[in-house]
Amino acid sequence: MSDQPQSTQAGTVLVVSAHAGDFVWRASGAIASAVQRGDRAVIVCLSFGERGESASQWLAGKSLEEIKAMRRAEAEGAAAALGAEIEFLDAGDYPLLESPELTDKLVQVFRRVVPTVVLTHPLTDPYNGDHPAAARMTLQARILAQAIGYPGEGEPLGAPPVFFFEPHQPEQSDFKPNVLLDITAAWPAKLEAMKCLPAQKHMWDYYSDLGVRRGVQVKRNAGPNLGLPVDTKGEAYMRYYPQVTTVLE
Amino acid sequence: MSDQPQSTQAGTVLVVSAHAGDFVWRASGAIASAVQRGDRAVIVCLSFGERGESASQWLAGKSLEEIKAMRRAEAEGAAAALGAEIEFLDAGDYPLLESPELTDKLVQVFRRVVPTVVLTHPLTDPYNGDHPAAARMTLQARILAQAIGYPGEGEPLGAPPVFFFEPHQPEQSDFKPNVLLDITAAWPAKLEAMKCLPAQKHMWDYYSDLGVRRGVQVKRNAGPNLGLPVDTKGEAYMRYYPQVTTVLE
Amino acid sequence: MSDQPQSTQAGTVLVVSAHAGDFVWRASGAIASAVQRGDRAVIVCLSFGERGESASQWLAGKSLEEIKAMRRAEAEGAAAALGAEIEFLDAGDYPLLESPELTDKLVQVFRRVVPTVVLTHPLTDPYNGDHPAAARMTLQARILAQAIGYPGEGEPLGAPPVFFFEPHQPEQSDFKPNVLLDITAAWPAKLEAMKCLPAQKHMWDYYSDLGVRRGVQVKRNAGPNLGLPVDTKGEAYMRYYPQVTTVLE
Amino acid sequence: MSDQPQSTQAGTVLVVSAHAGDFVWRASGAIASAVQRGDRAVIVCLSFGERGESASQWLAGKSLEEIKAMRRAEAEGAAAALGAEIEFLDAGDYPLLESPELTDKLVQVFRRVVPTVVLTHPLTDPYNGDHPAAARMTLQARILAQAIGYPGEGEPLGAPPVFFFEPHQPEQSDFKPNVLLDITAAWPAKLEAMKCLPAQKHMWDYYSDLGVRRGVQVKRNAGPNLGLPVDTKGEAYMRYYPQVTTVLE
Amino acid sequence: MSDQPQSTQAGTVLVVSAHAGDFVWRASGAIASAVQRGDRAVIVCLSFGERGESASQWLAGKSLEEIKAMRRAEAEGAAAALGAEIEFLDAGDYPLLESPELTDKLVQVFRRVVPTVVLTHPLTDPYNGDHPAAARMTLQARILAQAIGYPGEGEPLGAPPVFFFEPHQPEQSDFKPNVLLDITAAWPAKLEAMKCLPAQKHMWDYYSDLGVRRGVQVKRNAGPNLGLPVDTKGEAYMRYYPQVTTVLE
Amino acid sequence: MSDQPQSTQAGTVLVVSAHAGDFVWRASGAIASAVQRGDRAVIVCLSFGERGESASQWLAGKSLEEIKAMRRAEAEGAAAALGAEIEFLDAGDYPLLESPELTDKLVQVFRRVVPTVVLTHPLTDPYNGDHPAAARMTLQARILAQAIGYPGEGEPLGAPPVFFFEPHQPEQSDFKPNVLLDITAAWPAKLEAMKCLPAQKHMWDYYSDLGVRRGVQVKRNAGPNLGLPVDTKGEAYMRYYPQVTTVLE
């Protein structure tokens, strides 16, 4: 709740990413912003994106293990650029299969990390089945982690808000942003993180343009009174549960 | 934007209410909360609810003018209990007719009051056509007031966020709250405002129960960590435009 | 409420039809069913469909007044075949313009007829703007007629349920039936009513086929246990307000 | 079909409840109503709610088996208070895992019980994954039980209507009631059933208030003409398949 | 893309059908049209519909294997009448269970057949769980087949458009057609294919009537200018991904 | 219908634009494409955008008439750059008021121009009320122009398809593109048309970036097989009525 005393304590952002690169393009502004204000950020990659999102490596004749190692290194570099911790569950991709076992691993992450905010993929993506699978397991794990009767270390979880980050083709994925995040201050860090993924250089421009585009919407929706700078950058999110607050603003 | 310097300045809440009583049942928690933290609150009643929401007065044989005077007095009392200003456009109800002239009056209110937050009815209500009509005119007036080319006193408006307050039968009105407002501190003021409407005594209980119900949801969605009191009270809102913020929380 | 004593009293079905022929194709099974069990049925045609739904007459060189007279005669014939009363408001079509005056005429109909059930067009039809206009005015008039403060003869209306009948292209009009009406017993009357509209002979087959199709769905959704006959006929409706009942069945 | 001769025969209501307590809070009005008019009611609890909905027992240090036994006893007590039969599939909760085996058990229940009406959870609940899982398996089992080729004892099922009962946070669960059930006569039985769950005493008030709230909506949607008593109580439902009927009312 | 040179090359239509008869009723017009203009058509039946859609055979006391053989023969006859190839995965029905293994078999079909167009069931069908299961696996297999990293023979797939064919009760299945296919020239072949399924003779009329009904909509939506014949026949489809084109028409 | 003989005849695209600049940013790729292949293109501007979309002119102290003249000249220049005809109805903006008179003017345009394709704004835009007003009048005029009984010169209209072009904030306007138009060949003309609006130079970049973004989606949805160039540009559209075709592709 935005103006409660406890919100001045450092929080913890947990980011669940289906593949090793997803968090970079879609949420690294939020991650860097959190770190910049003193929060902890923990990224969990369910897979390395080794089969579905490493086409150039396959074309180059790399082996599965080589690709996984390379993607891991890239993602670790990006996390470091953002000041975030990162871990990998190596659950496989294309398809990322939902299972009680993988969901349980996420429950244990929730119990251990105790996030105050959760970021993950949206529930719909007609172009990529792994993304909604990651979202469903994340939401289920968050609920299970709240139950005192669910076995595991640590205390039952509270009710951290969940935000879905932007898919590659937002309109086709029923992605209607209800939160526009001003990431202007975090922009240099996001650029640096993107550059840790040299194999997808064409994405740098695509997501830089998107940052500009969402920044225009930040300004448009904030109104001219706030005096936001002309080069405001943004990221778009969908809040899944209702916002709880003491101030309408 | 929640943590920008200017948000510590006093804001102004503008409430557009189709009938004289609507703001009391549905938004007086938000109004009292705003006043308690030093904001200005201005309520505009488009009508007195003289035809459609004064059944007991008609049954008692009162005249139209008597009913309007009585409803005005009640609403003025409630506004005073909340510490808010109030004005009446006397545009008639059942039906409240949309017109460019009435919309223009609202534009002039926007230009004069310069709200930082706007509250009004939601866009759908199968039980009451006046409520969506009020919402449509409010949204249109807000847009017109933003245009420098639109004639009128004062400066063009910024982009104040708009929140829809709760209709009488929320599910039937496609009302899916995305903001739960903690109004515990404002609850005594809301009770006092409701008691300014003695002709609708049965509504006191109905909306007191609703405050409890929404309070349970405040607690459920905030999580146990925040230590909210057992008697937390709430009001539900739908944010119409995306939230602009620098913090995901 | 289905099993309350008063529901054994004769009811009154009010049908609001944008054009003179609409009620025949889309609701005459329900009308004849009501009459057969002793209810009163009153049809109000807002226009004769003189401009938009009388192409063959225009091609034949008829004048506007001739066309209106012909359509009136047809509709009166169809109403007689169904055992229903009919009246015409002659408000013009293509476009049927919404206005407070026309809505007020409908309010007075509601106050005079005191319907226990209301049938009209659905709120969406991308192929015909008159149909949603008729629906919006009907819904608004029903609400206004409920208010004691609204001027007019008669007592304030109760809360009669509203059913939307089927548009010409249901899926395109977001028409998702939630009521399937068994009109097998009323089928001969519906056929007779359709034959009162000889200028649209091609519609006879189209709506006879539709009766069969909806009849198949009646059987499919009722289940085989009910022993419905193989030639069951149906009409599809959308209930607009929640059903109130004492029995889930 | 509401006025067919066979509907005067006694029916059978089958209630599928994810956890041992769900049916009490959400559907016991409907269950008691059915029993009061001579129908049979059978409740199937897929789990005891032992992990996810027994927080106070876990805090009190009870073992899993103790908790399951206690929840079973409570649910049996509530069923007895309603005059209903009850059985437990003990499939585990938090998570309640969907499987062909558990679905098959439900098919065999359908074949054995031959319900004329089915009640279960709605398909969406962002706060509880077990509820939609129960709904999906119930719907699937109902379809499988209709197929003569599906192995099992008994005759293929007909097409009993399905009603979803109310989730804890209806708007967030896309729960838009299209049936409001008058449970005034069953209210004392519902109160008694709720009191069989002493560990959740705070829920008594919450669901008593909800009964009042839905009762107000019963009266509002039925209209004043029906003369419903001031203390009318209600439960809200979503009908999943279209209603089949011979009367629009 | 409609007017690119390569579209004049012969294409390949892949049809994924949950049961052996589905493609006949719902897509044989499209299949025959494709064959008539020189395209290849390949039908994959995931099951024979042996349990869920062979009621008359079960009533006649046939064994499971007899039924499967009979359904296979019927489907082969229908495919031959359309000029299409057909294969059977024999994965079982009622329920058709989703699994990585069955999805992988479909991936291999995609890699081998290299379709330029894909037809399958829509994602929602409250009356039949096998149909959405088939659709989900088809969509997932199409995505997996696009990934160079997914193991299998053949080249990675391009992005063939996907069309959902019409379910038995379209409105209840949220089926809103956005493509109306003129199948007039293919109509005789569709009739012949339907006659290969003599056990469901009542369906012949039902789907013949549907062809007429969709044909009326073809004419209505094409406009009178095109001079379509009075006996135009149609099939309705939902395009799942956006159409890519160089001409708006 | 894409492969009917008559589609090789030259068509006529009618574009209805609420303000003088809208067609440039949002539809000039489609307009130039049509002209390049020999179609006629006619643009109707309902207003000049003089009040709502000319902020810089108002700040520069220009009069209403000066602004209208300037915007007209800009739009004429852009139309010339595209090879399109243009006309202005001067109906006023902010607000653009819906009226039967203005709708009738559009009907007469439809009857005179006889479009084979219609482009206009989408029906929802929370940031600009004029855009949906223009869309509603365009759709209504198209329907009225189809009726032989509606008075006016010329023949009744056929059923030209309608496409909505992209609003400024697509997700917030429920804009889900179902057509992606490849405008690579028309891109230079679009750039030239945009440069005719020098007062909105910042929009050049914004809509150039959008052309790139939609071009990426053209390639993604067309698949790699088509060999589209790396600098493919696109525009996004929503088709309002179902596509009628003889080929699924």
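Read from first to last, the chains carry the letters A, B, C, D, E and F; within each, the first residue is number 1.
One rule holds in what follows: a residue touches a chain if its C-beta (ideal position, glycine included) is under 8 Å from a C-beta of that chain, and two chains touch if they have at least 3 such contacts.
Chain by chain, the UniProt names read as follows: A, B, C, D, E, F = PIG-L family deacetylase.
These numbers were taken from a predicted model, which means no experiment stands behind them.
Between the contact lists of chain A (PIG-L family deacetylase) and chain B (PIG-L family deacetylase), the overlap consists of D, F.
Counting only chains that touch, the fewest steps needed to get from chain B (PIG-L family deacetylase) to chain F (PIG-L family deacetylase) is 1. Two copies of one sequence, chain C (PIG-L family deacetylase) and chain F (PIG-L family deacetylase), touch each other mainly through non-matching residues, since under half of the numbers at the interface are common to both.
A rotation of 120 degrees, rounded to a multiple of 5, brings the CA atoms of chain D (PIG-L family deacetylase) into register with those of chain E (PIG-L family deacetylase). Here the CA centre of chain B (PIG-L family deacetylase) is 37 Å from the CA centre of chain D (PIG-L family deacetylase).
The set of chain C (PIG-L family deacetylase) residues that touch two or more partner chains comprises 127, 172, 177, 217, 220, 236, 241-242. Chains that are in contact with each other form these pairs: A-B, A-D, A-E, A-F, B-C, B-D, B-F, C-D, C-E, C-F, D-E, E-F. Of all residues in chain F (PIG-L family deacetylase), only 100, 103, 139-140, 143-144, 147-150, 240-242 touch chain C (PIG-L family deacetylase) in the complex they form. Contacts from chain B (PIG-L family deacetylase) toward chain C (PIG-L family deacetylase) in the complex involve residues 50-52, 54-55, 58-59, 64, 67, 94-95, 97, 126-129, 172. Across the interface of their complex, chain B (PIG-L family deacetylase) is touched by residues 1-2, 4, 6-7, 11, 13, 30, 33-34, 37, 116-117, 119, 157-161, 163, 177-182, 185, 217-218, 220-226, 236-237, 239, 241-249 of chain A (PIG-L family deacetylase). Remark: chain C (PIG-L family deacetylase) residues 127, 168-172, 174-177, 206, 209-210, 212-213, 216-217, 220, 236 touch chain E (PIG-L family deacetylase) in the complex.
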